[in-house]
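Remarks on the structure that follows.
Note that the chains take the letters A, B, C and D in the order they are written out, and that residue 1 is the start of every chain.
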Amino acid sequence: MPKLTYRVALNQAFAEEIERDENVVLMGEEVAEYDGAYKVTQGLWKKYGDKRVVDTPISEAGFIGMGIGASMLGLRPVMELMFWSFAYVAWDQIINNAGCVRYMSGGLINCPIVIRGPANGGTNVGATHSHTPENFLANTPGLKVVCPATAYDAKGLMKTAIRDNDPVMFLENTLLYGEEGEVPEGEYTIPLGVADVKREGTDVSLIAHGRAALTALKAAELLAAEHDISAEVIDLRSIRPLDEEAILQSVRKTHRAVLIEENKPFCGVGAQISSMITEQAFDELDAPVLRVSAIDAPAIYSPKLEAVQLPRPMDIVAKVLKIC
Amino acid sequence: MPKLTYRVALNQAFAEEIERDENVVLMGEEVAEYDGAYKVTQGLWKKYGDKRVVDTPISEAGFIGMGIGASMLGLRPVMELMFWSFAYVAWDQIINNAGCVRYMSGGLINCPIVIRGPANGGTNVGATHSHTPENFLANTPGLKVVCPATAYDAKGLMKTAIRDNDPVMFLENTLLYGEEGEVPEGEYTIPLGVADVKREGTDVSLIAHGRAALTALKAAELLAAEHDISAEVIDLRSIRPLDEEAILQSVRKTHRAVLIEENKPFCGVGAQISSMITEQAFDELDAPVLRVSAIDAPAIYSPKLEAVQLPRPMDIVAKVLKIC
Amino acid sequence: MDTAVATKDFAASPVNKNLSTEDKHRFLREMLRIRCFEQASLKWYTKEGKMGGFLHLYIGQESIAVGTVSLLGPNDHVITAYRDHGHALAVGMGMNECMAELFGKATGCSKGKGGSMHFFAPDKNYWGGHGIVAGQTPLGLGLAYALKYKGLTGAALCFMGDGAVNQGSYHESLNLASLWDLPVIYIIENNGYSMGTSLERSSAFRECLAQRAEGYAIDWDRCNGEDLYEVRVKTQIALERAHRQSRPTVLEIDTYRYYGHSVADAKHKMYRSEEEIDRYKQNHDPIALWKARLVSEGILTEEQFDEMEQSARAEAEASVKFADESPLPSEASITEDVYFEVDRNTEAGRTGRHFFNY
Amino acid sequence: MDTAVATKDFAASPVNKNLSTEDKHRFLREMLRIRCFEQASLKWYTKEGKMGGFLHLYIGQESIAVGTVSLLGPNDHVITAYRDHGHALAVGMGMNECMAELFGKATGCSKGKGGSMHFFAPDKNYWGGHGIVAGQTPLGLGLAYALKYKGLTGAALCFMGDGAVNQGSYHESLNLASLWDLPVIYIIENNGYSMGTSLERSSAFRECLAQRAEGYAIDWDRCNGEDLYEVRVKTQIALERAHRQSRPTVLEIDTYRYYGHSVADAKHKMYRSEEEIDRYKQNHDPIALWKARLVSEGILTEEQFDEMEQSARAEAEASVKFADESPLPSEASITEDVYFEVDRNTEAGRTGRHFFNY
């Protein structure tokens, strides 16, 4: 299979969906003439023109809300937030309009919109630019939340997200845009709500999403090489809907779980998964479910320190050794 | 002790702190001339005048951000959000400015601001007006989060919050404003980070915050009367800082816990407490930690149905019976 | 006169001069239907347990919804705030589903899930009904964007209150509307108050709120809302600008609400005088003025008016009966209408867990 | 001329005519210090691993920070966006703590926690350094509010870019500033682009962005930023309005940035021509123009200028050495400076759990 970067895989998904459905329109700051702040939309404006790829002013509440309104009338806007951190100036539009309008209208309206962009720390851009709100978004019934870790997943999930008839919050990662992975030629999609067992194992389940899933894979290698521990790595891929069965199956096999995320710990996705495992598989557990998250402070700038603040393979290994 | 409503108890806290510290200023929509949409600030404008009690336009991002800026220069603004739900139009100001400016300045700045107002469902005002963002706020290092359930706690915690030198998010409840409780004459404060054992018990720990703590108390009575189960009720009172010791002590005694909150389940505070208990007291647990939350949908309008959507004593009893 | 807008006779204007007696009667009937519907809703709100939450009455402002909507064509859309009963009935929603919504019944327009602030009828180009002040202003822009994107000649009428002009999303929307030539019409229903706060205490401006549009190179106008003829004329200008030039407009319409901000606002005479309210009711009531107008035009008799009022009242009473006798939503329905894919039981809706109660 | 603002000689204006040679030299020195500091930072940014994240250079805009700040008194405060190095040095911050911040060192002005976008010096009335576009505009308003509340005669200068005017929080702030007579001065540093988007593609307006202030009955003005004399004159008018009448001002200052939006913006010649950039450097460089001015006034020699430039460059190099040799923050410090009460180890800071890693 050809190798593509996460960035190019997403770019292909956009191109294919633009060609497939005339209602698909990409919007955001610098997505068109500038090819995207992170070049994820490279070449699309040149190829598809002003109607399908649109540059916006710096007005997230305005243009995200506009996209939601347009989606009520049947467009399928794919809205870029240059950083997901900027969602906080559009928060009301996302939670109350995208998230609640279907419910408040008794199902008369639906919003087939995708809101996407990078949500990650680790690039030394400081606290205000490093938010990872997947837990906030997934707390909100009415929204769907996707956090792909690989090029293959990014493309397949993006195409599904664009075709989904509910609002899908698609959280990417600037540290992954340049990462290469195998992506098949031609059409494929990946359903939301299906986790991916990225590594089989028998002793402990490492459950993660986004970049943390790759960190977990590195940890699994260390565990195998240095501690003779066989770790299974479950990449959730989508947070809501959630593939609970995949998690429980793995825990029933390994009887131990460590949950890894790059978010702050308090009420992170790991907390939800932990409480779910305890509630659903208590008798299967041979040890407490442990969590690894970012060190609990706003994202620090200092490059050397931010590398420490986010979960490293060694941090995961340390947690695993506590229960294995 | 004299009985006061939760509303009057808060009102006393404001009056006492306004008199104690000339830098305390109350602001918000309708808080002054109109006495507050829920009359929590009744009489204060008449008594203390335009400088200390200020009506604002409907510009939450603007006036909340303004209050944060003023607090950097030493004022102690107590900002009312008519509903905490409206925080979502000011979300960036709250998370990025109140929550991060101290950190990004290396500790040169602090924001002694209180942002307050009701955060609750159950009043049939619909999905957009019924948000309970204590989990979002407590996910944010830099912010403190308080959710009082009684008149006594509301007054004592509010006075502490106003004197605290960090930004305190104070979540009240319109369904509690009219509830009476004993409040001592004269000065008292309650520290943040100290839970209150609202009922002693031996068989199961019911852990909750805000109005859910009162629902838990009712459930405890039913459990005692109808099932001969002795439930201990822990009211967290503040979510961040969190009185973890009180939770663990209770669990070490009862070996069983049910967590109750009025928020949506995914990544709610209950998820965090559950994961913490499992991590800290796994061997103490004789049964899975269970959770009771709102039925997982946007807040429904229909009055009869919204009463069902929020946790009822019977819902708590049912969960307890699963593990006792 | 209490409006800052000088009155002028708009009866002879092109958009009005060819109106049939039937048309003019219909406007009257619709204004009466709105008023009677809300009077009935108020009566039943106060009855124990029939409704909950907020009830924001439109009474006093009926000429705006009826006058503006009377001009709309198949590709013109409407969206408004929480004071949405008048617009809902004006676009053709039935009293039954509206009253049932207030009663929180399964037969309500939103199945009892939205309540007073959230009436919707997409089949009638009516997009609600929004509770967050100015939260609908970017949505209205989006409707206009979709119309233009699809190459349809239409407009989005986005109604808002005078207090909503100080929300940032409205300003962001104005810039986008002008920058991209979008056919949106922001209609500020200026009733002088946002809850208990008078216009002067909430907004800084020169002549009026709509004038802020100049900063975005957007055309604006101001209108005396008590005169249905004038409302139609000023709205028509904006509609033509939208349809022909795909340009936005901000139209500020002076009006007045007779009741409190919501039923909860019992103290509304604290921030405005009894005398002020009476003066509006006496001299500026849009229904009374329209009635007088038609009488003076010799096309309406007292008997006809009474008949219209009675039938409107009867329709409202019938809707109360319908609502009262309608079933409640089922408990199971609480988690319906959250996700399209789940509701339709599609493959996507059946994959993974969507709800997290155990 | 590439600015829309007609040039006029402001040397004889009251605020300028009594300036001493020392003053004028100081302005030149400060502009040179900013430029040399940033040239050094750029050089070291590109060196592997010395800095991370963003680096937004102010080069080309120096006359604005230096000219405006030169007028400030003890109760005047400054806050700006992420392009904040120039303002930081202008208010008197040392190159050492600024460069160390860029290097992410414990000796940085923000202990290495803020980085390029987040320089702060409250002791110099400098409140940062803010990364969210327009996020600082309500904070600036709050500084002005606190000044007025405390009865101090001062002003808050809130700097922002031309792209920031389309954020809602700025508009909400304008309304509040005018409604409450707050002494805030919004200074729009209009360099023609927000990242790769030209002014015309991002904003709808009539004559200029500042004119939107009219909608809020706020005084506004426009200024040619290349002339330090003019910057001082227009700023002084706003300062006096703030100090004497406690009224806000929106001041739009035309300027230009020579480098890309940030160091990451390598393709900045894609959205503007090489020729445009050169034209600005040739004809509108604020330092070159000020230098020429002082030479023509007979108060500056080439030798003096070279000496100034060399000392600025030396100071910058020294700050690099200081930064490079400074220690990193400790790992333990990651959770410091989150909560005041915890940092001070007060009773409140010791009660309950504040951090949730186990």
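Odds and ends about this structure:
Heads up, the rule we're going with is that a residue touches a chain if its C-beta (ideal position, glycine included) is under 8 Å from a C-beta of that chain, and two chains touch if they have at least 3 such contacts.
Computed from a predicted model, the values in this text were never measured in an experiment.
For chain D, the chain whose average C-alpha position is most distant is C. Between B-D and A-D, more contacting C-beta pairs join the chains of B-D. Chain geometry summary: the mean Cα position of chain B and that of chain D are 39 Å apart. Centre-to-centre spacing of chain A and chain D amounts to 36 Å, using the average Cα coordinate of each chain.
With centres taken as mean Cα positions, chain D sits 46 Å from chain C.
Remark: chain A and chain B have CA centroids separated by 30 Å (rounded to whole angstrom). Looking at chain B, residues 57, 59, 61-62, 85-86, 88-89, 92, 96, 103-104, 126-128, 141-142, 240, 264-266, 272, 279, 290-291, 296-298, 300-301 sit in touch with two or more other chains.
Across the assembly, chain D contributes 110, 112-114, 118, 130-132, 135, 166-169, 172, 175, 179, 201-203, 335, 338, 355-356, 358 as residues in contact with two or more other chains. Across the complex, chain D is touched by residues 25, 51, 56-57, 59, 61-75, 92-93, 96-97, 101-110, 112, 141-142, 144, 160, 164-166, 191-194, 238, 240-244, 272, 276, 279-280 of chain B.
Against chain B, the residues of chain C that register as touching in their complex are 49, 51-54, 101, 104-105, 110, 112-115, 117-118, 130-135, 163-164, 166-169, 194-197, 201-203, 267, 270-271, 328-329, 331, 333-335, 338, 355-358. On chain B, the positions that touch chain C within their shared complex are 29-30, 33-34, 37, 55, 57-59, 61-62, 85-86, 88-89, 123-129, 264-266, 290-291, 293, 295-298, 300-306, 308-309. Put simply, chain D touches chain C in their complex at residues 166-172, 174-175, 178-179, 201-206, 211-218. Per the touch definition, chain A reaches chain B in the complex via residues 61, 85-86, 88-89, 91-92, 95-96, 99-100, 103-104, 126-128, 131, 135-136, 138-142, 240, 263-272, 274-275, 278-279, 282, 285, 287-291, 296-298, 300-301.
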